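So that we are looking at the same thing, I have put the structure below in structure tokens.
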Amino acid sequence: MIVVLKPGLTQEEIHKVVERIESFGLRAHLSEGKERTIIGAIGDERLLADQTLESFPGVEKVLPILKPYKLVSREFQRANTIIEVNGHKIGGKKIHVMAGPCSVESKNQVLESAVPVKEAGATFLRGGAFKPRTSPYSFQGLGEEGLSYLAHAREVTGLPIITEVLDPRDLDVVYRYTDILQIGARNMQNFKLLTEVGKLNKPVMLKRGMSATIQEFLLSAEYIASEGNRKIILCERGIRTYETETRNTLDLSAVPILKQLSHLPVFVDPSHGTGRWDLVPPMALAGIAAGADGLLIEVHSHPELALSDGPQSLKPDKFAALMKDLKKVAEALGREI
Amino acid sequence: MIVVLKPGLTQEEIHKVVERIESFGLRAHLSEGKERTIIGAIGDERLLADQTLESFPGVEKVLPILKPYKLVSREFQRANTIIEVNGHKIGGKKIHVMAGPCSVESKNQVLESAVPVKEAGATFLRGGAFKPRTSPYSFQGLGEEGLSYLAHAREVTGLPIITEVLDPRDLDVVYRYTDILQIGARNMQNFKLLTEVGKLNKPVMLKRGMSATIQEFLLSAEYIASEGNRKIILCERGIRTYETETRNTLDLSAVPILKQLSHLPVFVDPSHGTGRWDLVPPMALAGIAAGADGLLIEVHSHPELALSDGPQSLKPDKFAALMKDLKKVAEALGREI
Amino acid sequence: MIVVLKPGLTQEEIHKVVERIESFGLRAHLSEGKERTIIGAIGDERLLADQTLESFPGVEKVLPILKPYKLVSREFQRANTIIEVNGHKIGGKKIHVMAGPCSVESKNQVLESAVPVKEAGATFLRGGAFKPRTSPYSFQGLGEEGLSYLAHAREVTGLPIITEVLDPRDLDVVYRYTDILQIGARNMQNFKLLTEVGKLNKPVMLKRGMSATIQEFLLSAEYIASEGNRKIILCERGIRTYETETRNTLDLSAVPILKQLSHLPVFVDPSHGTGRWDLVPPMALAGIAAGADGLLIEVHSHPELALSDGPQSLKPDKFAALMKDLKKVAEALGREI
Amino acid sequence: MIVVLKPGLTQEEIHKVVERIESFGLRAHLSEGKERTIIGAIGDERLLADQTLESFPGVEKVLPILKPYKLVSREFQRANTIIEVNGHKIGGKKIHVMAGPCSVESKNQVLESAVPVKEAGATFLRGGAFKPRTSPYSFQGLGEEGLSYLAHAREVTGLPIITEVLDPRDLDVVYRYTDILQIGARNMQNFKLLTEVGKLNKPVMLKRGMSATIQEFLLSAEYIASEGNRKIILCERGIRTYETETRNTLDLSAVPILKQLSHLPVFVDPSHGTGRWDLVPPMALAGIAAGADGLLIEVHSHPELALSDGPQSLKPDKFAALMKDLKKVAEALGREI
């Protein structure tokens, strides 16, 4: 950590800053320039996570040098994390596609997606039973009933399931049914929920918050990891920008950056990332080309009747066509689907 | 709601869209232009909150005409909502300043802020016992112990208290201690938590999410109102933009817009809105000039030792000086503090 | 165009809005709903480009239905525009890679990039002689001298050149040397410059402004087209967001959207789009997968000595490796490089 | 400047970085930590404006310590710059309001604004004769004819005028007519234009670009100052964010920040900053409360017939009422209008 001092401090004022730094167990190293004096604070600057130095008298600004997260960082673990779920390995050479409806609406509706996505090559079934909806007047999901329909579709197709949990109080019931727990974008900084899933022994997919920086995203993953659960999948799903043609702006550069900074698998959700089914195929392909380990794609047999996110859902035939293109691109890059 | 059709549809295709609109109990009214045919869907378009029409075949786009929220809208209730808390009226002529430390750290530390802010004219004491922190390695708050220190400061100063609740499971304990419940920016779309506070009979301050539109903000307030609790205070606290000089960009235009669209009181938090104590006074003054009904300001007797948000906390003497300026501006605009 | 009226207007007030609409040569079509009356303004709403209706008494808001641009729209011309430059066809099956240094620094430095990028398969040479620099103290480019070095490299390698023009007063000299004129992101709304290049008979690459919407981008292209020059190449180069890991956020969803809305070729610039050479390969691959017709890539033989944009420049060997991967992905998707 | 090295470098690699730093005339000061070695580069880091160090082998990142601008900085000149125009002092105790129509449309239309704004207390007349319009089909301004109407209104009212220049080729004619040259937001990084106005001896109002950081804004002012012209007024006019209720998000925190970092006068434009006339009064008041030295306000006698920006123009009576409130707030804060 670099501490930049205001110009014109007395030796005594500088000494007080040095003392403060040393009180945290760090060493202070002074460099006096013509216009500014700076202090290098040497040691584990995470001890100073609360960064109170910025409000210390005489301090102009504080520049961190080290990353504030540790367990999820590539420096902590060089090798990619591989997560095994029902025999599938996530984070290795094989790219996984998790597909299915946005919301679970009925037993049949789930099957109508699950069967064709399985045939087309998807390896996981996605579907929401607890839904975070912007308006209180929107469909809020079927709850446990919805989970049971997912479980039924798993029995029929053999696809393991991934579904969202919104509330620590629902964690028991969701845990019983699902193979992967999903934390949605709106809950990326629901720290209580992160702490709870961190205590479980089940993979968690953590979606990037709508306006989360990559650093905040990794710190949220660190919340889970620091409780003991290291089976974390990161998912880029679009960030909020000024552009209105798309629901969000899919930040694909996050994929190679996350792969550099962290050892965790990285997925892309082109459905939420664009909000438009016609943009899902090009952005799914681009996600794979950017190095993603997997995709999360909304598929609905009748998008025009869907109770949520119809406009961004692919029909099964379009999904099957996309899977063929994805395979070609994956192979061109030395991976497989 | 206006439904814009794609060019070149057959009469039968148009008819199917009309049927779909009518199936929701709305009337369909066609206008045929040279380049596009549009349909006005007349009636309560909130029935279509799930907006599946956008994925209906032949539909190019859907333009809503009415606001998606109702109970919190100025159209629903013309007169300003006035919320009474321990004899204080929030939302009327008097502007309220809620001040105190970011985090509760000790019994003394709370008092060291509470006593001077009371003397300077603040009418409520703020302080956090459950803290949402970006890093798992940061101070997470004292929990119920912290609440008891706030209650103690209330006894000493007579100031009612406002404190944040993060988790539905903590609601009972926070409810017992606090006079106003605060929902933080990170939880603005924690819909389960909104639903729970909506069932209580205690005022709620709802802070705008870091990247929430004004419409999403009002929809989150609608979640609370639709459960029965109408004592809601809205708080602008800065939005995320590309600018890095400030922690957030305080969007003061949200104040007059919220006052137009809604009957609820509107506060401004210049501490989180800027992240810098030196910007708190000008932005507090600007907030009042823009029409805010109150302010939320962080005050700490020793910001350089604070366990959170030191850089944005005012010292008590600076806070007292600000209160004098605030009074002058409030009076110039026909209000009082 | 839909004109939404405020609630509670008298018939006379409504009539005045109707008259105003008709004064522009449009037809007005009323729909009276329970909560709002709306008017469909039928005809060429581009006649109302100045949108004064929003400030007409009684009008709540105006919702455009048609796109405000015409000549560059896919509706105006179904088939892709193919631009021929020295025998190369841009916008067809073949993907073009334009590569070279950010700034022209010397005759040798240009050659040191031009020769290896030609060998690796690039079809155009890029390089800046007039440089838009954020600081007045940064290197501003060699001007005409730089153009002559580019021309020399063209002679040696046979690669046609693309270079930026900043000022209408430089247009003559740049025109004499270059094969494609580039309008940079900072000049996307330099309407005088757009108008001038619109009068020329030479292809123009127009880069998206740092915070331009897709609609504004296409309106800037319309400026060029409306003066007669239809040889326009659009280039996505990253937009400004809150994320700080990258210099800009490359908005790859702009690629399929622009291809839908317009018939013009669409390029991607992963160098400016990320600001980091290590992110150029994954984002170049992703750009192709998203459907781009070409790439603009900065290559420098000694990035550590470059006078501008060193951190985002690839070395020739890394560029050659990337070209191999690009070919594989292009072929997988039925295109070629 | 702090240079952070990658972990695990050899002494020789470190030595090469040191040599490179010293080759620019700076001194290098090493600090070796447990996880990273950093080098303090001591001296005038503006010599390194081109920042090629980031791409030097072994360098992880470069953290600047000093501001990249100089002449416009508060460190260079402690006292506020006061600019005299026709006897008016801009930047002192008195707050100036510059008002008038967005576009000059006719001799009468200018007078219909100029006379009442003068009566209400405005001290300058604003109006555009060269207009930067998003669409080529919008009204582009009257050019020199418009300038002559402004000059006529100046004769009648005695108000000095401010008007925009878009193109270096128009600078002569605009210079002849106007008292203050305005550089609009879209041209904030039109460096050729900045350089040209920097050579003149006439005040320049520089508006912040739509997505410019405060640092980039000050660097653009530095372009003007470095050519010799120090009579620069900065103007905040709203930045682009995701919020759609307003045309831009007026960033009022920029006002106190610019006053801290620079000695130049700072204005606020609440008309462009919001895009809505009904938000102009609260945001004008807030601008003054935040410490602005003046305001730029659009006034039109018939906004519903305006050829540009009607929705954000105040009528003369509303402007007069606002001026009364502005005076009260200015006085409350020890200033005058």
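For clarity, chains are labelled A, B, C and D in written order, and residue numbers in each chain start from 1.
Methods note: a contact is a pair of C-beta atoms (placed from the backbone, for glycine too) under 8 Å apart; a residue touches a chain by one contact, two chains touch by 3 or more.
This is a predicted model, so every value here is computed, not measured.
With chains reduced to the mean position of their C-alpha atoms, the one farthest from chain B is C. Although chain A and chain D share one sequence, what matters here is the overlap of their interface residues, and that overlap exceeds half of the numbers used. Between chain B and chain D, the centres computed from C-alpha atoms are 31 Å apart.
Once the centre of each chain is set as its mean CA position, chain A and chain D turn out to be 39 Å apart. Inter-chain centre distance (chain A to chain B, centres taken as mean C-alpha positions): 26 Å. Chain contacts: chain C has residues 211, 240-242, 244 touching two or more partner chains.
Residues of chain A that touch chain D in their complex: 2, 4, 7, 29, 31-36, 38, 40, 42-44, 63, 65-66, 75, 240-242, 244. If you check the complex, the residues on chain C that touch chain D are 20, 46, 49-52, 54-57, 68-69, 132-140, 166-169, 186-187, 189-192, 195, 210-211, 216, 219, 222-223, 226, 240, 277, 303-308, 310-311, 313. Listing the residues of chain C that touch chain A in their complex gives 211, 213-215, 239, 241-246, 249-257, 260, 273-274, 278-279, 282-283, 285-291, 325, 328-329, 331-333.
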